[in-house]
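Everything on this sheet refers to the single structure shown next.
Going by the order they are written in, the chains are A, B and C; count residues from 1 in each one.
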Amino acid sequence: MMQKLKNPRLFGTALSALFGYTALSATLGAQEYGSYEAFTESEGFALFAVNNLWILMAAALVFLMHLGFATLETGLTRSKNTVNVLFKNCWIISIGILTYFLWGFNAMYPGDFNGVIALGSAAGSMGLNLDVGLMTDAYADYTWWGDFIFQAMFAATAATIVSGAVAERVKLPAFMLFVVVLVGFAYPLSGSWQWGGGWLDAMGFYDFAGSSIVHGFGGFAALACVIVLGPRAGKYLPGGKIRPILGHSMPLATIGVFLLFLGWFGFNGGSVLSADPLLVSYVFTTTALAAVSGGIAATVVSWGVIKKPDLTMVLNGFLAGLVGITAGADAVGTYSAVIIGLVAGAIVVFSILMFDKIKIDDPVGAISVHGICGIWGTLAVGLFSAQSFGIQLVGTLSYCAFAFLFSLALFSLLKATMGIRVSPDEESQGLDIGEHGQEAYPDFQLATRSGV
Amino acid sequence: MMQKLKNPRLFGTALSALFGYTALSATLGAQEYGSYEAFTESEGFALFAVNNLWILMAAALVFLMHLGFATLETGLTRSKNTVNVLFKNCWIISIGILTYFLWGFNAMYPGDFNGVIALGSAAGSMGLNLDVGLMTDAYADYTWWGDFIFQAMFAATAATIVSGAVAERVKLPAFMLFVVVLVGFAYPLSGSWQWGGGWLDAMGFYDFAGSSIVHGFGGFAALACVIVLGPRAGKYLPGGKIRPILGHSMPLATIGVFLLFLGWFGFNGGSVLSADPLLVSYVFTTTALAAVSGGIAATVVSWGVIKKPDLTMVLNGFLAGLVGITAGADAVGTYSAVIIGLVAGAIVVFSILMFDKIKIDDPVGAISVHGICGIWGTLAVGLFSAQSFGIQLVGTLSYCAFAFLFSLALFSLLKATMGIRVSPDEESQGLDIGEHGQEAYPDFQLATRSGV
Amino acid sequence: MMQKLKNPRLFGTALSALFGYTALSATLGAQEYGSYEAFTESEGFALFAVNNLWILMAAALVFLMHLGFATLETGLTRSKNTVNVLFKNCWIISIGILTYFLWGFNAMYPGDFNGVIALGSAAGSMGLNLDVGLMTDAYADYTWWGDFIFQAMFAATAATIVSGAVAERVKLPAFMLFVVVLVGFAYPLSGSWQWGGGWLDAMGFYDFAGSSIVHGFGGFAALACVIVLGPRAGKYLPGGKIRPILGHSMPLATIGVFLLFLGWFGFNGGSVLSADPLLVSYVFTTTALAAVSGGIAATVVSWGVIKKPDLTMVLNGFLAGLVGITAGADAVGTYSAVIIGLVAGAIVVFSILMFDKIKIDDPVGAISVHGICGIWGTLAVGLFSAQSFGIQLVGTLSYCAFAFLFSLALFSLLKATMGIRVSPDEESQGLDIGEHGQEAYPDFQLATRSGV
């Protein structure tokens, strides 16, 4: 950070040796600059810089979504499981970024690929300073590392969605292992079908920022896990009565949703993959319109159906609208975005009530928000743009079915081997004490402590 | 988000058809590019891209202010009204963005305008993909949608200010309706007097980012509502005793103020309406200096006056400094910014104590922070720059008086018709149970539950 | 914010007079533009604008770290000291920015400098609108004010680190005075040794974003203060037993760490001092990799050592990785970043346990995270890049020793004069009541209130 003394764009000599600009210059491909330094002096560099900067800012915004997921899930579950929820979210972002670095990124955007399974390779070669491939040769709107960090933030999202659905009863080591395989292997594998130029892309499927590829995937992985895991103790009582299990902090839940809303500007806006003023601005607009329309619809519908203006439903309505617009944020009209959001906000209320009725216990509504509204958003592209509805249907079902079956198999295997559920005693006492020996709020008098 | 395979700036063919670039090219006006694609290849495009990117980032920062307002208001009120506070804030951002899309934006920055009342028109024409006017023809620093989303985030702010002042006793449906009219009609109407080039702009009034247009407006709307609504039960006791009603979470209040401080970099910085390095950097600096000076002054003054270093006062001191610098962030010197902040931080302490004395019950201090310091900030431009003090006075009084009278009339009408206040029982029990049938912290033992 | 009516880049006439562009044009140095306006029309301006924009966004991200520190420290201490913790953090950011404006910035990046002590001068000259030096003449990647606000956000960080270590027993006025001197004098003084081009820079020391200059400095200042101050009452019991004193809110602590993680993208990424796509993207990547590697290592090590997956350790593991990579984020390979993070995450667990064993009572682990891992990160540059290990050792010890000795002397002086520790009664009752007469959570039933 020394300044006023040298021009940072010239780099230190040590650094330029480390990066090996000679090797780098060979990868600049179509640009045909003699070296990166020559590129920095060229006419197109300023635009390249702003495009790349936006990818990085978008990566930061998507990172913030992980705090959003963590606080939302914490707020919507009981205080006795809070440490566990937070711990899981720390693990997911860690493993998500690291496995994506080690294998996922190069597998999802593959060199070595048969259209279905991408083999990929590790990022960079093992060694202290031999970071090759700092920039790809096939596009010029951002750097290789800028792209990597943006996509890595995405990768962890799928697993985070599952985390909320299995909260309050899943065994920690089993979940940690599940995450490694899901985010490290299944997500890049299926992601490459579309974003890696695989068979779905070849068919003409369109999923701009991942209503299916990320959210549908996560939601249906969650559904499989919940089926294998079963509902929380005391949720479904004899005689068909459903006991509401309330989340312990509405401020945390609301903070979570606002952070997710904010982060979605990076999730969708960054998926333009450049700072193109027209497209990014437009995507910001459709994203915001769908989100608030989802919130308004959920307000109205929940007021009508459950006879009160329910905050949790409104929060899920925002998310439903956001998931809904994700597939077509750049491809549908603004009024279409409003309609997509309104429909998503209505769907999510009914879907949450429906899953509760059929005893699929999802504490945060993740299956409805990400799974069902992910399908809706993907199909909406077929309704509100020139895309083929049939192909959209094939695409979204492919992602949802793959995620469901893969998770069903993996989680069943984990159940059969190491066990996936904490003991009834531990579930009753809370996972914070049981798994972590730690309370989230030791100073506060909790109702749950006195046995409620 | 498919990449490495095509250049995103070239768009898919379907998409370019949807946007209708042929029509678009006609609106580029002075730029005279053959098409948007030609513009993207031109020399000025990189600067356009960075300017537009900053508007979008600023919009994201102003969005975050809504989370700031939500957590601040939550923290400064009692736990039994938390769900209600959060719900109102969800509604405000939703309605703020949607009404601004449907009418407000085109009304505030008008085509059809007599200098006082802007008629405006809906954004885009109804239809799936006929989004005309993606870029205006009169300026070239950002796109039409980039501008829209930035201004839409502003619009909701005025109503949010009112929300805090009427908290803990306002009836939900009445407040929701009030918000729709205030943010959907009154704000764009009066905003156009200055930012739409109306009569105040013609007179030479200066209000850079809205000390009067946004904050004074919101603060005096809040004052009117509080007068119509009356104080919270138990606040002003017989014999002239004032009972302090404490907020339930200082961490939430502090999170709120830090987020507002952060967001203000977008609120003020984005109001430069370009990424102009000199001006935006300067505005960041004056904004930060005024904020911390406000915090320091409030620390010192509250310590002197109420004999303790009061956290709530310091938090309001930050906000006071921020509101104070908003009108002149680009027009006053840095030492002037410090002085403006110091004065604002002192004013807000005395103002809060004064309003309490005259039984204007404002749970969060919104009238003082936004109303009184909004006036101060607007007048300060007349003191610390070449602007006319007299015209500044006329301008700020116009906004404050309009907001006050409009809100007085509207809220009185709502009082006479649907009722604006919850029942004494509901107020005592809390609005969370009364309006929403939902508690914010069901796991925690609350003092309020045992009747305190 | 008036738009569509004039080009903001042309400025109002009043404004251009205030800024005195005639004077400004003389400072543009090597650029040799006739005026700022001419510069805005030149070819290099777009790149200048994007570089400057990134500095500003980075400043905003570093600002957010102060909210991260505030919530982390709040979460890891007891509820009875919450108002005090939040108040201290408000003070630190206020004083940090203001003193840096008045003296620090010009002292740290000096004109008048003998290599050891920078005399500096106040920012701008006293007067309403005479803000000279809006841009320096020695570099062209960002504006003078853009640089100022970025560095000002850094400055306050050192003091924030101390705040956590002395929490729950330090006397407020003494700490407030300590902060003024530390951040207003000691930090710019020692910072200039390296970043101002002083003796350490001349020797070839490398500390990219401040593992030593900021974090080591803060961590060892904290160590000195804790030694002078002593442990919290009841922490070290007779017979050598160590009583764990638990933090009161794990969600707040986690929010803090995620915000710090996010802010670090600005802390490290902004230290590139331009938006250079290659370097900033690379720094984002190494920063994220080291952070999550630190989290993973802390998970594994704490599980092995203390036999449970400890959330607090994982959170500190993230921070350890971040501090560790700060010195070499632009200079080491990506696999090196992973190793640096893993080692930091392991170090921090053992360091925290070790300091507890030798009765250095640091409630948040700041000495281990910032001090010990700051040394590790600085030395790692000597291990994983071409830098000299010996010079790195000299540099880091210089910063740590200076901060330690300076703080030891200053805090001892404060102890001898005004007193640095609250009374045992006040400590037992909590500093919120004792220093502020205010509770953080008046609605909640607290265990601490019943004497625990």
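Heads up, the rule we're going with is that a residue touches a chain if its C-beta (ideal position, glycine included) is under 8 Å from a C-beta of that chain, and two chains touch if they have at least 3 such contacts.
This one's a predicted model, so the numbers in the text were calculated from it and none came from an experiment.
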| field | Interface composition of copies chain A and chain C: same or different, split at half | value | different
| task | Note the rotational component of the Cα superposition from chain A to chain B, reported as an angle of 0 to 180 degrees in steps of 5. | result | 120
| Using CA atom averages as chain centres, what separation in Å is found between chain A and chain C? | 30
| request: Identify all positions of chain B at which a residue touches two or more other chains, and write them in rising order. | output: 43, 46-47, 50, 53, 57, 249, 255, 441, 444-445
| query | Can you name the residues of chain C that touch chain B in the complex? | reply | 1-9, 11-12, 14-15, 17-19, 36, 40, 43, 45-50, 52-53, 55-57, 59-60, 63-64, 66-67, 70-71, 74, 82-83, 86-87, 89-91, 93-95, 97-98, 101, 123-124, 126-131, 134-135, 142-146, 148-149, 152, 172, 249, 252, 255, 435-445
| message | For the complex, give me every residue of chain B touching chain C. | response | 43, 46-47, 50-51, 53-54, 57, 61, 78-80, 109, 136, 138-141, 147, 194-197, 201, 208-210, 246-251, 254-255, 258-259, 261-262, 265, 269, 271-282, 284-285, 288-289, 292-293, 295-296, 299, 308-312, 314-315, 318, 330-336, 338, 384-387, 441, 444-448
